[in-house]
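In structure tokens below, several structures.
After this come two complexes, each holding chain A, first together with chain B and then together with chain C.
Then we have the complex of A and B:
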């Protein structure tokens, strides 16, 4: 009796599946030609942005009207000494050689250019001891042509500097982030070669109007991350052999709560099947190996004209916060990826060794096979063209996009650089918290460092204790990297940021 | 010898339970109290019988110090704890954590709140210990004992438990609940879920971690208040799944 019932159920399910399959294949698909049709207008309204000024010139950093002094740094000298001697408007040329230092740039309008002589570069070697190669908080900063290796934290990290250009650098095995502009507006990251990073090769954090192009990123946990950022274009990059290729998402618990208006186009995204070597339990440590593009909770992400092949879990994974492992919920962040727009992409040989969760999801649509596109959780107002080309799950109900390309959008960089960020003394704690601490600490979740909520419990009435710790941290947790000293911040600033941190509620 | 100890222990408990009843005036009727005591005695007997058999097991190369005899009836001869007696697992906890807790019970930082029934129960034992002589012997024995495999009855969502464990607990108690002495955070794996749940409630309601001088207890109380309900159950399930 029981077994008969089961057989009946199986037959009904089978009939449904067959119906879905044959029914689906008999309809002629709508083929959309992307060279015709409307162009996407983007999500950035220049006229509404008080920072944006009209001009015919385009660059992230202000064009110089007066050329400053040029300081030459030779092998055996330090770049930092040159930065100390420099005035805004000056250029620092670094000759080939090996430099073992951290370069802090808190002045505006400094350009640090490595001189490449017959293939020999200025090399910054952290020797596994130093944390950062370049830390800049000045505005209008340029860094070019370096070889950076063996730092524990970051190759190049921006801390609240606006208008930056980071290009032509080779970065190998430098810890947590290769290039990490945090809390910056109007910046370019291009022509860099980055590998061996245990979180993200390029991490655009809490920033606006960013252009990431022509980078070669491989053998990292995450290739390129657009995180809690808006108006970003990621194009013409070569992204392969990472755990996850290109990611646009919201990390819950950061001070800036949104990611939207991101265009991912014309990239090669292939064979991103690297074993995940991020810290277990951390958010990035939970990315399934074999993810070409990950869109988590971010809105209005356009995916167009990429070549996406050989990513074993899936080509494009779209998820809300609730279905993502290792992610805590932030009531202040919308957890759903809304307005995803998938235009034409070449997708081939993805999802050939996918995870059980995806297989189970496919069964709900009576599908089997190797998925190019997987959507899990809630999404609203998303659209796709030429969906019949892909093995997909979760996109059946999506609309046809009303446009077929993004040709109308050249760049989200501003015509004229934004005004330098001026920090009111009363805002010191906040800016340092957003620009420095939030790079590794979220309020409730595990990123690189422990959550702020836990720090609040440990130091509940002791901001001085936090200030002292950040000046000279000690290793306290086996499964977290050691915190780098923040002793380049003066004593007053350290106390201000400690007090600000302990007062946060989200 | 153990039997004598047993007789010694039980009258203490009788007095203790009556005190609680009069003081707090709740939880137990007299008949219920008698029943509970009956069950307790029965269990004690079982535990003792069981413990003799385990003691005979020669796999253990850690020698029990005499001063631990008085703990056996509740916490078990190999620190395995006893859920029915609300006695936590002690085996494999760090020396520093055990020492701190015994000192806290002795000084009254822990187990003083009138409603902390089981903490109240522990205090007289700790008060009788010499912190310099007895405690080092006890904690050296317990810290070296192998962890206990517990059949956990906990249920929950592992994925959700993992994300909130990592978000709220792991930074101090370790990614796999192994504890971290640098953070003064005890191991949570291999502990009874019921005990952990009760301590979370104690921290949340101010029965534990409420004393101005109990810095680490206050830290824990602050974090305990950030979770409850299904989220907490999932966290407990995640911990129960750690081996």
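Then we have the complex of A and C:
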């Protein structure tokens, strides 16, 4: 499946073997010492991001100024009952035991902490019938210390929750993804042990400012995947026995079109030779077993100080969309991986049983052997240091990098978390009046409800009266339908809209 | 003073009691005038605020939230994608009259509203819509709710703006069958419209006293972008009132957004679309050849059979479903996704199916829950008023017009 594609391209680009870096000219290699030299400054300018304010704090969730209630969940009870009872700021402690439920959190600032007693954890067991274990859309979400297994979908799935921390969880065989924060900004995924996942153990999708560190991921199709995301660091992870180790992708067809500014550093990435058991048609389903790092279409991906060994196809595979099998096109996304930066890495014993397409590609550069780095398709402005150390194909034309390390970048997390989602009280009345009330009431005319002018005459100095009425209206006029209750608006909003309505002049 | 005011208001109220033909936002005082002179509204439709510049700007609670890359996609409390607004009340109201006026079709038999009926989710109840010839056209009429947030139009996304889109049905021989020349001259020969266009486009009209086609498209766009549906029971849940949904509906939401069903991966809240195209491989109605969709638009074989991901808001109102109306109910539509990847791809066809088209193996119960959840996405509270009379004097199209 992979083969035809790559071979076809090889025919076309065969000529690019000429002008090799040192192969032809026998010049002495450029040896670059990464402990000296310039540091990469990344592609993220914190000062230009309005969400990022200066502070010395280092975590993803908002620091609590007031400590809320702690809800304790014991074996035999449900976590969900505690979530329903919890208010923002509360903590839920889950005692060891087995829980069979989907926990969904559509509230802000909820922390769910498993209590580990003498090695015994709170276990979420989907028993092969439940879909996801944790689903959250609230900001400032923390989930820690669980053992999660036998779900069909994901272990932990975020949908647009910002400022999240997912740590210390053991996740085995939870279906498609182990941990999948999607459409979130500012989050940490660390110290998780994840295995047996049919897609990616950790999948960061369409997110910004993410830190993935100290995770142990093995026996999955993909270890860690950064997809259509920006400003992500993947460091200090142990990634082995997956089909592909660490992936930085642009998946075409998604609404957010870019991946850039990704640093993959200080990871162990070894023996990722697991048979691909991905679902047919999935993005990872056609990754060749034995791929250490796979960079597809992403820009400004830095690969530094990783130990990459024993990956039988290649240590690092870099491709554009056109050469990736089974990948669609997206007229709105750039298919080329530009600005790849390969700094020092320990690469050893990779590519020892590589695929025929790679062998054919190597022949275009008159090379044989076991490739550490394979690049196919178009790339612009990519660079590498100490290239003479590696068996490579497709990087001869790359420049020397102008920096040797990423030491200047500690983290891409925001110094100050993404601010809370509150509707400004001064605007609340106006928005609800126009968006809700105005559907039935105009100032003077008759619509579904009586004119605002009449309501003003009745409640002139009594906004509370209006606020109370709309919460549970009674039928007042024979010639108008009864108003539906607006009790879904909270008390403050009801009062704000009442005041706004009574102040209208036209 | 207060008593006096109250009395006055009361009398006014009595006066209006049986007067039910008000246009949206039109003062009661204008009612009589509207029948004969079509005075355009000077107020914005609900959910819009009139700015000091005299244009209408959208107001919603979602505007107080944010989203990654400001794309308006994600979870419960996520802002909306960039949208169109900034039209004047007169332009929006003119668009409303044009939308409902059969004068826009070549033979005066159908209006925009014939296929985009307000009580049918601004769609019709046909698998494929019927134009002036009485024949069915190629595809199903899409909903117009929340079209202000859409940046690709037609099932095959061949238009990038509503203005561009409007020219499709207007001048398609099988749809409204008009020509630009005929449309202009019929409008120009209608004194009401000449007056209304001069109200809606005062500066342009002053110059040469002629209606321009671009003004027709602008007015239609202005009206359509005022069709806002963001106060469903789901929205109340999303803003934090969790009692707005029943237990079963919440269970349905959780299946919908689970990574097993994966509905929310493309039908992403808050609009329940990601405004992208996808190849999902739905079957055509029996006897119809495969519709290649966006393959043609982009001249890209990898997009063979790709169609726009439609919004699911007010989805219960706009059956039948899919680009050619293959399914007449939501449960069958959901079952299509559950029957496995490629279950309806014709033999010998090569289609690069979307990666989220999988084999979710949902139970019957889970599929029913998804359907119940989709029922919470209904909000027609801001349905605009259908004009009783339109400037052409033609009958505003009867809602039963297209019943088979």
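Everything below uses one rule, namely that the second predicted complex is superposed on the first by the 392 of 506 C-alpha atoms of A that agree within 3 Å, B and C clash if a C-alpha of one lies under 4 Å from a C-alpha of the other, contacts with A are read in each partner's own complex, and residues count from 1 in each chain.
We adopt the following convention: contacts are C-beta pairs under 8 Å (C-beta built on N, C-alpha and C of every residue); 3 or more make two chains touch, one makes a residue touch a chain.
In this text, all values refer to a predicted model and were calculated from it rather than measured experimentally.
Of the two partner chains placed around the shared chain by superposition, neither chain B nor chain C is touched by A:302. Of the two partner chains placed around the shared chain by superposition, chain B is the only one that A:325 touches, whereas chain C remains out of contact. More residues of chain A lie in contact with C than with the other chain of the pair chain B and chain C. By the touch criterion defined above, A:200 lies against neither chain B nor chain C after alignment on the C-alpha atoms of chain A.
Of the two partner chains, neither chain B nor chain C is touched by A:384. Once the two complexes are laid over each other on the shared chain, residue contacts for A:476 go to chain B alone; chain C is not touched. In the superposition on chain A, contact is made by A:446 with both chain B and chain C.
Of the two partner chains, chain B and chain C are each touched by A:457. With both structures placed on the common chain, the touch criterion links A:177 to chain C but leaves chain B unconnected. Residue overlap on chain A between its contacts with chain B in one complex and with chain C in the other: 279-282, 326, 328, 444-446, 450-451, 453-454, 457-458, 460, 479.
For chain B in complex with chain A, the residues that touch the partner chain are 159, 162-164, 166-168, 170-172, 174-175, 180, 182-183, 218-220, 222-223, 226.
Within the complex formed with chain A, the chain C residues making contact are 2, 5-6, 9-10, 12-13, 16-17, 19-20, 22, 25-29, 43, 46-49, 59-61, 63-69, 71, 73-78, 228, 230-231, 236-244, 250, 254-255, 257-261, 264, 268-269, 274-279, 298, 300, 302-303, 341, 352-355, 357-359, 361, 381-382.
On the side of chain A, the complex with chain B involves touching residues 279-282, 325-328, 444-446, 450-451, 453-454, 456-458, 460, 475-480. Interface residues of chain A facing chain C in the complex, by the touch rule stated above, are 51, 84, 102, 104, 106-107, 131-132, 135, 137-138, 152-154, 157-162, 175-177, 180, 182-185, 206-208, 230, 251, 253-256, 279-283, 326, 328-329, 331, 418, 421-424, 427, 430-432, 434-440, 442, 444-447, 450-451, 453-454, 457-458, 460, 479, 487-490.
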